[in-house]
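Chain nomenclature is as follows: A, B, C and D, assigned in order of appearance, with residue numbering initiated at 1 for each chain independently.
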């Protein structure tokens, strides 16, 4: 039992790392909390669902489409609002409220476009045989989701630490002003980071029918909160700290689901509040701004 | 040095931000009505010293005594009630409130006489602006408002952070007179200042800081010839 | 009369008299409820700058506090209402450390806190205490007239609280804290104490509204009193009208909730869209809400 | 300065304007009815949207059907009067629903008030109807606490109260000697919580033991880990009580996990067969158990309104799809309303209720025998049997298993 729970926790942990990764990347680069993060994940889920139900496309093969669509959306969103916001008097709060408005818009449009029914992609899309892992059997979809998550995390690692664009991105994360003064095109770097953040959310969305249960337009806000909990546990603004946060959350969730299932719903919220109050820097990492 | 018992006495004050040691055992004393200049290159810890003494940051080590009583653990408003007040390098008035409201709220919560507001407005030449929103004032006016807000609380120790920066020569001259008048009324001033000419109008006694430590104490004239001080300012 | 007093009297009279000419009292009741919640958001966000996404947590706590006082202690509804408010204030006291967080962190943490309260109240293990997920029935004290009248009184209290803040030194101090918390300390203001008071006042208003709502509907489920949309509505109404004024949240609620009931009844999903667009446009073009237009025209707004 | 006094008058001017506006909306009520106004709500979004819309579709089918004949006979006026359906969208929100029930009663002055689907959206209507002395035609709101002897203003038309649903199921389990260990998994809401309680009580003292008994939030959409816990308890039968979303997620995760249980019971495949089939697939449903309802279950003793076959055909013609249970539930509400108007001497709401008591137990529709507890208005006639999906050459069919008078064969146990 405990072996099953811990292994399931690892699989879910990797997946939750992917769920929250984009939010942390965007926070790291722009210092703003993308309150519409969960809604973009929901859109990614519906894109994968649409491709599956209309053309039978396996969610794994939907990934390229997700990347193209959401990188473009992120870049467009950046140039449409962010420069204007950053020049205002209270960019942090205003952008937060603006993204809240955006989240409402996305949810409403999703209801209009897709209706409010819960949708699911049958798990049989990955074959009907469960996967055996260290003597425990898991649904194949869990394993596929975990592998895709790990691959996406590695891709982000190479982007940040092994590419010129990533070098510039990290410079902007360290200090927007200093990066600008060394000739880095801060807007371009930030726009791409926002695009990458949304694409990561969308990829996570493609696998949400298997990991989070059925999908619906109203799933966004809960996912945003859970993602925020994950990145606060890891470390705000440190994308790779997200992996630690994801694993802690995934293991914690599975342990709760196994031993105290009726209280498991409380986990992300209690963790979030406790960490913010007791160790605001997260398990790794630097200070959170306090009032 | 000082003829009377010290009003403020700071001993071996230390403050660290991550890997950066901003204050490293700073010690100084200030008597009532005395004006002490605090100078040093950028990053030498002057503003941190003011922030720690005024309670914006808590110290990692060391003690801060006011009238011989430790105030190190007190929150800002308690220190303000005990007579410590300050201005900011970038003035921080309540931008959404009018000039009058800025001073009114400070007067009420400092338990000051409301009649002081009028005097203070006159003294700092803010009377014509009383109904204006603070956000609409220019930088020099905001600095005077910042100072007025501090004065209304009847401080015995006033910490002045780069008040001269950005003022034109006429405004500088007036500000120097204003601060001198304040000091003559018995208020001790700790003045952080880059503009040594402006500082010379106020006092002769300075403490020179480098890397969070005091490297010189004495008159401004002697400091200007001190080898270590010159190294720090020129070579630093 | 203090500034804004006449407006408040007008609004309260309006809702006291409208039932005689207009029959859908539930609509009027809900509008009053949102007026109270919008003013509660105003007390906190407008005067101190903390945006409480989880504000509905206090509303739900008040609804449950009042209901359980009626069901378990057999209090009459009106005293029970104050128990509800007390429960909200207690929850707010427990959550007061959240005020150490700034801006967006506070907003999300407060959202998480309201979910915590919701999941505790609705937990099946607490059925004997809270009825868990099965909801509350106050059928034995149901009285739509008396509960309506009570909400009118709660509305009057909410408006009085904001009129007080608009005219008192406490209101001035809170705005000072919102603008520059450090300067506020040097102005002698006990920053922690003042903003905690605003937080508790705001929680008490939501608790009263929640208690009156519970009494008025008399049958409800945890989800209906911890519905995040309640926070969202109140925040949007407040932002739309303009924060830190008495009139802003009133105008915002009457216009938007009125519009919502007029158009939104038949096409609600389009309304969420309209809300979203309103928020985005406000942030980009009119961050201080509708009343800032009046201010620009040099009209004084209480 | 002169503008000040005018500004002070704003609130009063506003009050007058608003009053005029609302009064204008209110000023319309016909003394002599040209139509019988039936008011109800539906949800086009939110958790109850699917069910609510089906139920409304059934009621609307009845309205159109009745109006094609020139309306329904209303004894109070001694002639046929057309029926008009007034509907609003409550988005599955009880707050909105409360406003809208009030709107129907106080602004639209409906003659007949019917509730939206399910217990949650019906709950707010119960006190409102009672306060305004309107008889609530509760279609599918089966919460036990709606029905109290003190309140005559409610009658449950199309389903028994949820606490009675598992009667046949419990008896069926007790009759199976091979079944000794039962796992019970239910969503914690009125509807399924009361069923769990009934099952628990009825199994007490029998040879059947509950080896797993666990409630989950109604919002649960992933059962993978719970199933693992269920498996660890080694049950002979797994009973899952939930709303459609729960049942779909449960069956979906059951299939993904690759686990096999000897008997699996869920509620909604028997009511929303087409939806469940398209969501989880025929393979998953094969050999599972459910409460079959019309159209899967056929009542032959119909003495009022269309029989099932005629209804299916007419409904298909009108809506281009096969009816599901909630279509029938909504239609059945219409039939009860029709019968009530047919016999009630006046449209006084208490007179309507008295007439319903008179024909209670004597009315057999395609939804079964209509019989209410005359003290509370709760439905006790329509019962829910147990059946099993058997795969065959023509897809899945339901084999009736219990009670004995309906039984058409033996269960396939354990499931292959």
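Just so it is clear, a residue touches a chain if its C-beta (ideal position, glycine included) is under 8 Å from a C-beta of that chain, and two chains touch if they have at least 3 such contacts.
As the structure is a computational prediction, the values presented were derived from the model and not from experiment.
Enquirer: Any idea whether A-C or B-C has more C-beta pairs in contact?
Expert: Result of the comparison of A-C and B-C: A-C.
Enquirer: Per-chain Cα mean versus the mean over all protein Cα atoms: which chain has them closest together?
Expert: Chain nearest the centroid of all protein C-alpha atoms: C.
Enquirer: Could you pull out the chain whose C-alpha mean position is farthest off from that of chain C?
Expert: For chain C, the chain whose C-alpha mean is farthest off is B.
Enquirer: Counting in whole Å, what is the centre-to-centre distance of chain B and chain D, each centre being its mean C-alpha position?
Expert: From the centre of chain B to the centre of chain D is 74 Å.
Enquirer: Taking the mean of the CA coordinates per chain, how far is chain A from chain C in Å?
Expert: 32
Enquirer: As a quick test, compute the distance in whole Å between the mean CA positions of chain B and chain C.
Expert: Centre-to-centre distance between chain B and chain C: 42 Å.
Enquirer: I'd like to verify one number: the distance from the centre of chain A to the centre of chain B, where each centre is the average of its C-alpha atoms, in whole angstrom.
Expert: 47
Enquirer: Using the touch definition from the top, which residues of chain B touch two or more other chains?
Expert: Answer for chain B, listing residues that touch two or more other chains: there are none.
Enquirer: Residues of chain C touching 2+ other chains?
Expert: Residues 124, 269 of chain C each touch two or more of the other chains.
Enquirer: List, in ascending order, every residue of chain A touching at least 2 other chains.
Expert: Residues 111, 262, 265 of chain A touch two or more partner chains.
Enquirer: Using the touch rule from the top of the page, what pairs of chains touch, sorted by label?
Expert: Every pair of chains in contact is listed here: A-C, A-D, B-C, C-D.
Enquirer: Can you list the chain C residues touching chain A in their complex?
Expert: Interface residues on chain C, with respect to chain A: 49, 51, 97-109, 111-113, 115-116, 119-120, 123-125, 181, 228, 232, 239, 269-273, 275-280, 282-284, 287.
Enquirer: With touch defined as at the start, can you tell me which chain C residues reach chain D in the complex?
Expert: Contact set of chain C toward chain D: 6-7, 9-11, 13-14, 17-18, 21-27, 30, 122, 124, 132-135, 137, 139, 142, 144, 217-221, 224, 227, 229-230, 254, 261, 265-266, 268-269, 299.
Enquirer: Touching chain C in the complex: which residues of chain D?
Expert: 3, 7-8, 10-12, 14-15, 18-19, 22-23, 25-26, 44-45, 88-89, 91, 93-96, 98-103, 106-107, 120, 123-124, 126-128, 130-131, 145, 148, 151, 188-190, 193, 215, 217-218
Enquirer: What does chain A use to touch chain C in their complex?
Expert: Chain A reaches chain C through residues 32-33, 81, 84-85, 88, 92-98, 100-109, 111-112, 221, 225, 228-229, 262-263, 265-266, 268-270, 272-273, 276-277, 280, 288-291.
Enquirer: Where on chain B does chain C make contact in their complex?
Expert: Per the stated touch rule, the residues are 54-56, 75-77, 80-81, 85-86, 88, 92-97, 101-102, 104-106, 108-111, 146, 149-150, 152-153.
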